[in-house]
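Same chain, two partners: chain A is paired with chain B first, then with chain C.
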Partner chain A sequence: MTLSQVLRQMMIKESGSNPNNDSSANLPDQDNQPPTLAHTLEEFKDCSDVTHESFPEHQVELIYFDQLVDKEKLSRHILSPLLTGTEQEVSKMLLHLQPFHTNSSKDLILNILAGGVGVFHGPNAFVFNVYSPENRSISQSETETVITGPHDAFTEQINTSLAMIRARLRSSHLKVIKLSVGEVSKTEVYLLYIKDIVNMRFVDEAKKRIEKIEVDAILDTNMIIQYMDDNKYSIFPQFLTSERPDAIVSKLVAGRVVGMVDGSPSAFTAPTSFFEFFSSSDDYYQRWILGSAIRLLRFIAFIITISFTAMYVSVTTFHYEMIPENLILTLTESRSRVPFPPLYEALLMEVTIELLREAGARLPTKIGQTIGIVGGIVIGQAAVQAGLTSNILIIAVASSAIASFVIPSYVMSASIRLIRFGLILLAGLFGNLGILFGITAIVIHLSSLTSLGSSYLNPVAPFEPKDWKDIFIRAPFSSLRARPTQSDSPNKVRNKTRR
Partner chain B sequence: MNRMLLFLLTLVTLIVLPGCDYRILERIGFTYAGSYDLVEDNQIEVGISIPRADPTIKLVRELHSAIGKSSKDVRLKFAQQTDLLLVNGQIRVLLYSEALARKSLSDQIKGIVRDTSISPLVKIAIVNGNAKELLFKNYKQHLSTDKYINRLLEKESTNHQIPRTTLYEFERDYYDDGVDPVAPVIKDDGENITTDGIALFRDYDFVGKINSKDALVFCILRGNFKKGSMSLDLNSKNDDNAQNYIMFTSMISSKKVYVEHKANEPIHVVIKAMIKGSIHEYIGDLKLSDDAQRHQIENKVSQLLSERANRIMKQLQEKKVDSLGIGMHVRNSMSYKDWKGMNWREVYPEVKVDCQLHFKAKDYGKAR
Partner chain C sequence: METSEKLSPFHTTIFIYMIQTGVMGLILPQLLAENFGTNGWITLFGFGILATLNILLIGVVYKLGQGKSIFRILEQSIPKFMLVPVYLALALVWALLGCMAGKEYILIFQMYAFPTTSPMEFNLILDILVFWLLTMGLYNIAKASTVFFWLIVWFVLLLFFFYADFSWSRMTPFLFKGGKLSLLESLDIYSSFVGYETILLMFAYTNQKTKLIKSAMLGNSITTLTYLYLALITFGVYSLEQLKSKAFPLLEMLAYIRFPFVERMENLLFGFILFTVLFSVVTYEWCALEMLKQVFPRLKVNFLAFMLMLSCFVIAYIPDTLNEVGDWLSTLSLIECGIAVGLPLVLIVVLLFQNIGSRPAHE
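So, the complex of A and B:
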């Protein structure tokens, strides 16, 4: 039994104790009535996957969902004493397993749905928790791969994911709040934080936002964070999501709040800043100079992604003066066969690249490779030979597409790729002035954003230069001594190594 | 609903409108070089060279010329001759004939400065002869002529055979107090184009020329530089028999100007220049490896260079052009009021200038 399962049972017990207090209030509602076999069976009517077993010799009836329970545990601790044992042994078994005795019918039903075995023994009703759903094994993350460092990633099974965090943080200060979201799905959402490191303001805020959600079902972390967003109309993600336990643990110790959703392999952290999306765990596992260089490269990639094609459009449409002497002739030569204005030419190629990317993402790997080759030839050569585009545009489009994949967070890279289209349009309309307007608008928008109420452009605005050594570069560990200002931790110092 | 409609309309407008634009790269003719000549009746003939890069035609460049009252007047005539939209943003070289320069470049230069699309880095050169003919002629063993001229001027100015003259530098020298602008002179030399000295300007008027032989000494006097090479005949006029010749390169030259004011005497200016160079070639009797003998050569070179410098200086003073910027040093040595009260152009020919050039051999190679 994992640590998290213990936790889970503790919580079930806590919540179960509540109805006892107000049982005196005589409500007519059947849900708060003492549980009866008949009512329970009525609730689960037409659920053909429910299992109902009777043991008349012991006056015991079992109700459970076969696919949610651990079959070995069920047969060893419950079924075998019932099949072979005496009356005494059965009562002993009921005591021994420490079931919890329930007085509310609703409670019983909820527990059976959560993987418990409902046991009716005479007038009494018990629930045993033997929850153990089908689970896939831990594997490498498909979206966030690293070269060095741990390769495991969270799975859809929350217990496995929680265990991966617990195993990395052996501290009783790692606290876990369990919440339930979704009126139908009743998805379990866990909020994790480290006591004394986190600023409780963020925990309370996150909890409040999750509690406010009233929806039928939550299926993924990336879905719940959109319900929690500060600015729902923004194109930028305001919560950082990751599938990597090491990344999530690093956020926890930096004083951030982590949220996990049962059934989703990714966890979210908050508060987060725009610049955090450009760092990867790899930066910390490599030597600091390399890590810094790669991190700077990502920021350059960001600029290339949003501005390269737009620059091509604005320069070829308006600012021929900017083109170097030796380039202008080759550029004119390749442009001279193209029948469209540069804007349409650029949009055509950008849309083609996006089509390829989307097709590649949806198709199985084997067909995906074929698409890559076909697309590469179509875009790389045929389009130029057919006179549909100039070859310099191909370079601009391809390099900005490649640059966009350098950004480690898929959500952020997708957002940036979309912004690019706006800039291309502005470049085609107003030239460099348009690009400038576009970038200004992006900066204004970014600076108006918040994540759990803290500035999204931290540490640039508010200006915190001492944080920059862990944002724009990855300084040596000896100089990374404080937690980020954004997490506003009561315990600021994280590294006391003397050297 | 209305808002949605408005949004869609804006989006459609944004997507459709850019298609109406006309200044697209392949439809514009960017002038690369222009030439200006004086013709009868005070009219000017302007020639332009536009590189073409259409794969369907073999042409390397398109040439147009027309005669008109002003350069802008002529532009309108060009526009009727070509299918391209003529623009000025990529002009690299402007060539003026000596005849036009003698009359004054005032109108031409002002017209260029007024056009904001023309880069201040455009090179200005004076043509000894007809500028249009030079620009329109094809030189077999070189790139297309416009590029050839541009690169020639570029290379020669980095080697300090001619001063670097862009529109910016020309204008700066024109407006600066106590210095007059200069420009390189080029000429057609049959198969090639060569530099032909340095044109001296008083305001916008061409008043004289420094021979290309003296151009490097002129550059030494004008400012500090690195790079460049020079050859000198060390023979004095008396003994013609002995071979005596030196060539040095990798020059480093630094100059200093000392101004002395004395009551009732003209202003005394001393230009001291220190030239260091590696001797690449020496034909003569003295031994370079011997310190004393090498100093002898150095002194000889210094003496020859100083003589030349003083001759150039005299020439400049006769023509009343302060192309070396001595006025700036004089200005810095006196109060603003005194400077304003003095007519430098009148005082300049009277100033006593003494050029002292010192040569020092950095190294002389492995030969003993």
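So, the complex of A and C:
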């Protein structure tokens, strides 16, 4: 493309769309032939983990993946009749398999890959699901710990996770749509919603976005939501993820759509708002005053995280007059040995803290603790004694790091920590005005964001004061009567308790 | 990302308030003292009512035109080639007004906190923010204004600090004594209310539910009340002569506020005024952009917005000092007051002709 063409594209509106966009329509349907043993074996050629067993006396051939199947079920339903049974018992077994007859080679192969046993008997092929992969047991979530309330968390096995939701929501209105994503991985993705509570617009939109994904493999929920994002360039997560079944169930009954990916212990919910990331499910398990105080504390933590170090840089670089007389002595004394401008000093400390955090997260718990202690000494005492930084900066950096961990969502907390660097830079360049420029940019960006097409700043903009009592505080249950406006639920009332 | 959603009454009210308020609010008490003397703050009621009448005039256009955009109204009766120069002239006035409002804010900030830094560095960032907002479309601009409103509304609480220094005796029992009324300066006072006239271009972004005119009037009332409260406190804290001699009495008042851990926060607090200034600037630039969109329909909106902001940035180099910017702003405000009254009148005349023309003939 020449420069003039590029400029033209930037300046002038397009008059029409390209009619030759859809190339997928011409693809031939290659795998829709009747299944044959030879073709199936050819498909699984060089797959050393595939098991192929022949029973010539019964003219039966089996193909399956040993590690994916429930051996006990396989043995009881298929292997035992073949190994020890009479001709009559084998016929009976084959008769039982009739409902699982398949005419499509593609279908057979996909089902074998999903933990089925392919059974060939003469020209007939059956595929019987005996899927039961190795699975870890249900344990606590390590990223979303709570003090009160249920402690169980989803596992990587989708059936276990779905069971945990079904066990909490015994309603036939809980609907589950099964989709498959990943041209190679064929990962199962489930969309959950409660009929008559959810606004189907959001379900359709989520389904449409998942169906549009054309990628080789999807490995985690946090990966699929990036394909579904409204704004892919944003630093902020546009879907709320959680590993906690109680949190996900609360989102379902609030009228949100939930998505789960096989192989991932997190589920996502949408539409979501920026403020929802500051709520935790145990806010509801405590007395409302305590829950409200903690929510407010989280918002204060947010302000501390983004502004403390930036304010230090701004004040010590440009606005010394803002420091009261009795404090300025302490500050100048602590800064007198530091040879760098406050901006470098702050960046140095912030990067060190981020290094410590990342190292702590990657290492096993015991070594992680050691790193914490060593790091604490390095940044706490040694850095000050060596004259690399001032004590007051350490307090600012440490408070903003601690405050960032108060935010319950790890993804949101990480985004906010990154934004902080931008604000520190702006504070070093333009002082207080720089910080305000930064905050303005953040707010402008947040205002333009949407989650599944719904405003990310709901209920502040659009202004929905009714919802504030479940966003900034956690009002008593008696006053939380309606579902959030953002869900746009056809069934608005959720709590009819009289007292 | 432009959305087809229409403005809601609440957003419109807040948006109008955010457009109207700005740096002028800080200069207002001094202008009132100079022009009207003792108890000059009372005249703000009059200015507020004048603005309300002007909004009602725009309301007549809205009603007669049944919510049609002013471009449709004009282009239905007047050939496009005749309108293009008018559009360009309006675009120029609005672009300059936005540009100068921004530069004035930057210069004041620079004067207080960064005497050695080039104001154009700050101006560049402000223009980038304005450009960013422009690319988001009016609905998102209004939505953002609501968020910024919440970020600045707590300023009202700061005035509690001055209750101790406030004295009714400074008000004196005299009304409008010691002032020297100048028409141009009273227009400057009125210019702190302008901004509401931009609703003329918002017709297409509203529907019946928006209650555009009512929302604009409510927004204007909030502005009037805010100015009144600010002016009342300032008149009660400073004497008349002090007020006359201070360029930014409110900023100096803010410098008195002190907490145990922080004091002299005037530059931080003045920084917060950025939020309202931003919306005054972005709305005028948006109006200019709307005009340019009509003149150059084939060009992409983002490209037009970029060119507009680039021109604004270059023009902002011309006036160097706060006084020069003040002179530009006075002249532009005068023209803007003319537009605020003249444009609705022209539109009413055009609409009346259109309505006569479309009336079925009686036989």
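In this section, the second predicted complex is superposed on the first by the 466 of 499 C-alpha atoms of A that agree within 3 Å, B and C clash if a C-alpha of one lies under 4 Å from a C-alpha of the other, contacts with A are read in each partner's own complex, and residues count from 1 in each chain.
By definition in this document, contacts are C-beta pairs under 8 Å (C-beta built on N, C-alpha and C of every residue); 3 or more make two chains touch, one makes a residue touch a chain.
Quick caveat, the model's predicted, so the values are computed rather than measured.
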Superposition-derived comparison: chain B or chain C, residues of chain A touched: C
First (chain B), second (chain C), both or neither touched by A:I435: second
Touching partner for A:I328 - first (chain B), second (chain C), both, neither: first
Partner chain in contact with A:V443 - chain B first, chain C second, else both or neither: second
Touched partner set for A:P408, first chain B, second chain C, both or neither: neither
Partner chain(s) touched by A:F318 [first = chain B, second = chain C, both, neither]: both
Which superposed partner A:P245 touches (first chain B, second chain C, both, neither): neither
Contacts of A:P462 with chain B and chain C, given as first, second, both or neither: second
First (chain B), second (chain C), both or neither touched by A:P341: first
Overlap of the chain B and chain C footprints on chain A, listed as residue numbers: 318, 321, 323
Contact footprint of chain A on chain C as seen in their complex: 1, 8, 10-11, 14, 109, 113-114, 117, 121-122, 125-126, 129, 132-133, 136, 140, 143-144, 146-148, 150-151, 258, 260-265, 267-268, 271-272, 274-275, 278, 298-300, 303
In the complex, chain A residues that touch chain C: 10-13, 231, 318-319, 321-324, 327, 430-433, 435-437, 439-441, 443-444, 446-448, 450, 455, 457, 460-463
Residue numbers on chain B that touch chain A, as the complex places them: 14-15, 17-19, 21, 23-26, 28, 30, 51, 53-56, 87, 89-90, 92, 117, 119
Of chain A, residues touching chain B in the complex: 316-318, 320-321, 323, 325, 328-333, 335-338, 341-344, 425, 428-429
